[in-house]
Amino acid sequence: MTTFQTPTAADTRADDRLSAMDRYRHVRRHSEELAAPLPAEDQVIQPMPDASPTKWHLAHTAWFFETFLLAPFLPGYRRYHPLFGTLFNSYYEAVGPRHPRPQRGMLGRPTVAETMLYRGTIDRAMEDLVLGASDGVWHRIEPVLALGLNHEQQHQELILTDIKYTLFCNPLRPPYRPDPPPAGPSRTAPLEWIDVAGGVAAIGHAGPGFAFDNEGPRHEVLLRPFRLASRLVSNAEYLGFMADGGYTNPRHWFADGWAMVQEQGWQAPLYWEQSADGSWSSFTLSGMCPLDPDSPVSHVSFYEASAYATWAGKRLPSEAEWEAAAAGGTGELWEWTASPYVAYPGYRPPEGAVGEYNGKFMVNQMVLRGGSCATPPGHIRRTYRNFFYPSARWQFSGLRLVEDR
Amino acid sequence: MTTFQTPTAADTRADDRLSAMDRYRHVRRHSEELAAPLPAEDQVIQPMPDASPTKWHLAHTAWFFETFLLAPFLPGYRRYHPLFGTLFNSYYEAVGPRHPRPQRGMLGRPTVAETMLYRGTIDRAMEDLVLGASDGVWHRIEPVLALGLNHEQQHQELILTDIKYTLFCNPLRPPYRPDPPPAGPSRTAPLEWIDVAGGVAAIGHAGPGFAFDNEGPRHEVLLRPFRLASRLVSNAEYLGFMADGGYTNPRHWFADGWAMVQEQGWQAPLYWEQSADGSWSSFTLSGMCPLDPDSPVSHVSFYEASAYATWAGKRLPSEAEWEAAAAGGTGELWEWTASPYVAYPGYRPPEGAVGEYNGKFMVNQMVLRGGSCATPPGHIRRTYRNFFYPSARWQFSGLRLVEDR
Amino acid sequence: MTTFQTPTAADTRADDRLSAMDRYRHVRRHSEELAAPLPAEDQVIQPMPDASPTKWHLAHTAWFFETFLLAPFLPGYRRYHPLFGTLFNSYYEAVGPRHPRPQRGMLGRPTVAETMLYRGTIDRAMEDLVLGASDGVWHRIEPVLALGLNHEQQHQELILTDIKYTLFCNPLRPPYRPDPPPAGPSRTAPLEWIDVAGGVAAIGHAGPGFAFDNEGPRHEVLLRPFRLASRLVSNAEYLGFMADGGYTNPRHWFADGWAMVQEQGWQAPLYWEQSADGSWSSFTLSGMCPLDPDSPVSHVSFYEASAYATWAGKRLPSEAEWEAAAAGGTGELWEWTASPYVAYPGYRPPEGAVGEYNGKFMVNQMVLRGGSCATPPGHIRRTYRNFFYPSARWQFSGLRLVEDR
Amino acid sequence: MTTFQTPTAADTRADDRLSAMDRYRHVRRHSEELAAPLPAEDQVIQPMPDASPTKWHLAHTAWFFETFLLAPFLPGYRRYHPLFGTLFNSYYEAVGPRHPRPQRGMLGRPTVAETMLYRGTIDRAMEDLVLGASDGVWHRIEPVLALGLNHEQQHQELILTDIKYTLFCNPLRPPYRPDPPPAGPSRTAPLEWIDVAGGVAAIGHAGPGFAFDNEGPRHEVLLRPFRLASRLVSNAEYLGFMADGGYTNPRHWFADGWAMVQEQGWQAPLYWEQSADGSWSSFTLSGMCPLDPDSPVSHVSFYEASAYATWAGKRLPSEAEWEAAAAGGTGELWEWTASPYVAYPGYRPPEGAVGEYNGKFMVNQMVLRGGSCATPPGHIRRTYRNFFYPSARWQFSGLRLVEDR
């Protein structure tokens, strides 16, 4: 006769570990799958200081686990290479020196194959660590493991945004993938305005489930009534702005934005190119494609998003408005908000080097909300705060309008 | 027998005009008094792109009245010089082209004397305009006149901040004025913490009296309870931060701030110099003076202010907290807040060129509140929003701490 | 009975072609052999604007044959790729637009494998062209073929100098080849001074045999008697200069050289590194090696070479002195001369795009004579004029002293 | 009865001193006369790093006498100001630190009036030194005095070239002098070619009379027969070059020159401006004037001069050719030669700080010969070697053609 046994506490713990490692393997494999279509040559290039080579992303995400989990927690662990700590540190001052960011494209070695070996070694050691950790250790490493996986997911998006820029810098315009871009809606949905009531609302993360430190503390904000657009601004609408002198008339621009327009010679969103016959095409991960007027305009900076909104007689939402209205979710493009990226009331960065993860960037950048086609599945949250400098255009960024009621 | 006559409406209007011109003459004369101690040679120099020559300030403030009042409103007025419109336009795109900002120090002409002639001509024409305007015209020009005078007062402060930097760039370190700096308090007042209750508070300007467009609309904000320091951080306290590795340890800095520390080699606030014996002195408008430990630390950037606050375990106030607590008022130094300079809810810039006054700068800068020893009398308001880039140090800027309750 | 036949004129011509193709294949293969030890990742990198990726050198040298021989002379030839003409044009204005030089490291594609396919296609077409050309065409293409092969040999040296710099930029300091550097002389030969008589001497190329256009016309120069050092300055001697304040005292430097020392922070020749114990090592194609005091000092700029010579109370030779004395020949290192690179009397660049080969660089650069360990065999000539900017250090460059008699 | 006395040796010596001081006063006064038309405001401005403010020239030339004569030779002399040694040192490393060259325009003080006081004090001390020196001292100081006066004459030319550039940077285009420019020839003289025989010729300074160190040693050079143009290239001729695509076709340019054309947007010589009707005018010391087609083209760089000569199928003379042909002398404009500025055979810079006068600039610059309308009378010599970087255009520089025979 067979008896069913109730799972013990130990079993539960083992299950936690096993499922964590499942998730670990899944996330890690996805990074490698993203790099797989690229020849080694493409994976070395850093096309501008803000972007990184694919190969560097692959190594840096391994470095994260090595630095914050293996080195401090796995007994007897020896660093894979004495210089990798420096080479693949992105910006953690507390961890030691680092290779200068603009020099990441000067590194032919480790090669792609050597980088994969490094990742494999880290993966095996992570398995040892997670499955072999005492309960006390597991309690301490579990949040760092979650952070590391979310960190790797952020770099998965950057692998795509950075390689897109890299490929675009090559006059041959090689596609990242052979298949055509996913078909969008046949026609832009009609624009509707969703009424949102004012008053006190709570925003920010609280409760169980992973969130980055900068998503909390959850707190109350005071909102005024407003209307939120039901969809993002489309390419066709943006072409109207351009036709009305959008890039030649300073009137609707911030002074810093207008200076950028002139300095950089911006005449259209990033990746757009005009043929002799006046038609537009844009560079996609599938190569150059005719511009789809019904798709949302993408690869615009905050400056362009703001200028468009002002020209349209509307404005960008604050991040509180965006979150309170529960917009986004679909995640076509990151949506620029009107909110500078600053700490929520009561925010304190975590102790130690991981405290450098988000807090030290809380100046000079703007918040984007939502998520994009390049964001890995499961990485999108309503409270998620993405942030970039207002001049950045190489992310998958668009805009949604708001008007006061 | 003498009879007293009730003043008629016409009398009242005439009184308005006369008192406006009194104020006009008073403000205008003050600008010239500020320049008076300087030889012509000093008045030409532009020591960095963000600062302007004294002579340029004097001409630009005349240009403002000429451009926004005389040219549109004084019948038959002819521009003083066909090129002055270009030379002394600061940043108004709608008004036409302008001399490049970094080239303001390339202009020997108009000379100081010629600039004074220009001012005198503008002043006489303004008298004609104000005293001769119909009621309808007066109604339209009166707010622009008020704006022009407040604008000139802003440049009065800039005359002092810019010339201080200019004189400091000269190894001879010439003083602006012969007399010693005003004596401060003999001892720093003990630091007290003023409790401020949370809740909904209204901030921003409303009602009569002049205010810049960016000070409104008045609106409600939600505050959490906090404690505000009763005074600014002193030099002695800031020396404690320095002694504790303030400028050598990245821990308390924003990433952008730390990059600036390293790039610029910051080791102390602007104008500080250390002798061989380790003692500090600082450059003042009266020349080099021993550093007074009891005076508030000044000429720090937002980055330094933030780093200090973090090091001290406190934070900077938001501008709403600052205004709600009715701090400042004394106006020793402008106080950096934690608030990026953005539009208040419902803000719209005025129509026309004067709409470029404040709105187009609402990105990348931080709000300062209060006022300074260089601010002209009568120019300080509780709702006043000053703003500078977070790296700026040549303003009279300090900091006041806040802690959460 | 067998009869021997005298070779006909046609046979001789065929022999010419066959031997030309032998040489062609030999030179071409050597380029590929130089690239062979490098993983694809290293071949993409452009470590500074003056250097080029290995892969670019391989493609550019194919482009040269395609542009100057196949396109104009091979009937029915179609360009391999419509964009390669732009991508791999180095500096020929007459040939059309070109990819910006500092962006050569942004090209992941063509990949190394694709580049080899390109080379192979060019090679087969060259075989068709050379073996199938009429006598008239052969007469016209033969000098261009010779130029193309010498051009490729120049790039063979650049492949080595550029990859050395690339590998050095990587903190891992990977060696180009696994074997140790060739052993030098066990001891520096004693320095002797070779008397050279003054008077009229003829320098420059004349007669048969390949030479670049800038090596002629042969012409007379007037020399004063001098003494030439029998060998190059050694590392040990250069260390003496350094120990005597060579890099800290401006006295012996040209003003432009001293400015470079300060701006770049030069403290030793390129590739030198000092250990904590004070000993020096240098980066070689075999990786970091202890500095050999008996080897000639290398990777010095003209500025350093001049400063050393002045410090030593000697001077650098003029290129006429160098050539007249028939120095060099051994070709350990390129030797900086005191001669700016200018046209010889009567020099005229060839007509057409190949006229841009040497003539347009005859300003701002200095002549180097001799040859180096990186120069391919058979590419060294007594009349050869190499030239680089006086600040260049990444070539295999050293110096030989001269004194007046 | 009166007897005439033969002058004694002592009398002769006194005469020498008196006539030296006459010349001193004459030269010194001329500098001040050149500055006299300028308001103080103009005298402060440094319009680019290569140029200097008028006031700085006036102070630096006084500093020269103070540093190299008064301080070492006048017993009991105390420096006028402890910081002037630093502020007005141009480039003498051996003399001590110096104010950074690009910061010369940051100095409002000493004012013009204070600078004149400084000059006056130096002048009185120089009188004490010269008239009171023992024979032994006089013997030592006399060559330095001559150098100082020739040095001041060089700065007199720079006062004019630099202020011309400064005034041009002001959109008001103020003239330096009220009177119109001196009338040139009514028509360009016909161009003739003067035959010059080849062979050995001696060039360089020897014998009595002042010359700069770089003009010697006199030495023999080997010349080939050539023909020298009888006059400089005219504006009309240069317009022909422009009409033929001179600034749009890279064909005739050095690569570095063409890069400069594109980077700087050169379309004509410096100071030229084209009206809407296509006519040209140019900025002169008398303000903007219609371009005189018969005047020699001026304010061209070496790059432009070379490109013109190549376009015309001629070339620029070497400095040896120029000197051997005894060209120039009239001194309308400095004439670019094809010769890089290097040491003559056997040249050694003088010992001490004055050895930095010429020798350390002998790289990267090109020789100009002749003299210009801005050169002070008596400062022109057949052996004079002026030198500037090939991109310099703000000197009074033109060109004369040569052709091979």
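So that you can tell them apart, the chains are marked A, B, C and D in the order they are listed, and the count of residues begins at 1 in each.
In this text, a contact is a pair of C-beta atoms (placed from the backbone, for glycine too) under 8 Å apart; a residue touches a chain by one contact, two chains touch by 3 or more.
Predicted, not measured: the structure shown is a model, and the values here were computed from it.
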Length of the shortest touching-chain route, chain A through to chain D: 2
Most widely separated chain from chain C, with each centre as the mean of CA atoms: B
Separation of chain A from chain B, taking each centre as the mean of its C-alpha atoms, in whole Å: 39
Distance between the centres, which are taken as Cα means, of chain C and chain A, whole angstrom: 46
Geometric centre distance via CA averages, chain C-chain B, whole Å: 60
Two or more partner chains touched - positions in chain B: none
Topology of the chain contact graph, where touching chains are joined (line, ring, star, complete, other): ring
Pairs of chains in contact (touch as defined earlier), listed by label: A-B, A-C, B-D, C-D
Residue ranges of chain C touching chain A (in the complex, touch as defined): 38-45, 47, 55, 83, 86-87, 99, 103, 105-112, 166-167, 169-172, 174
Interfacial residue positions of chain D with respect to chain C in the complex: 91, 93-94, 200, 219-222, 224, 250-251, 253-258, 302-303, 306, 338-340, 342-343, 345-346, 356, 360-364, 366, 390, 404
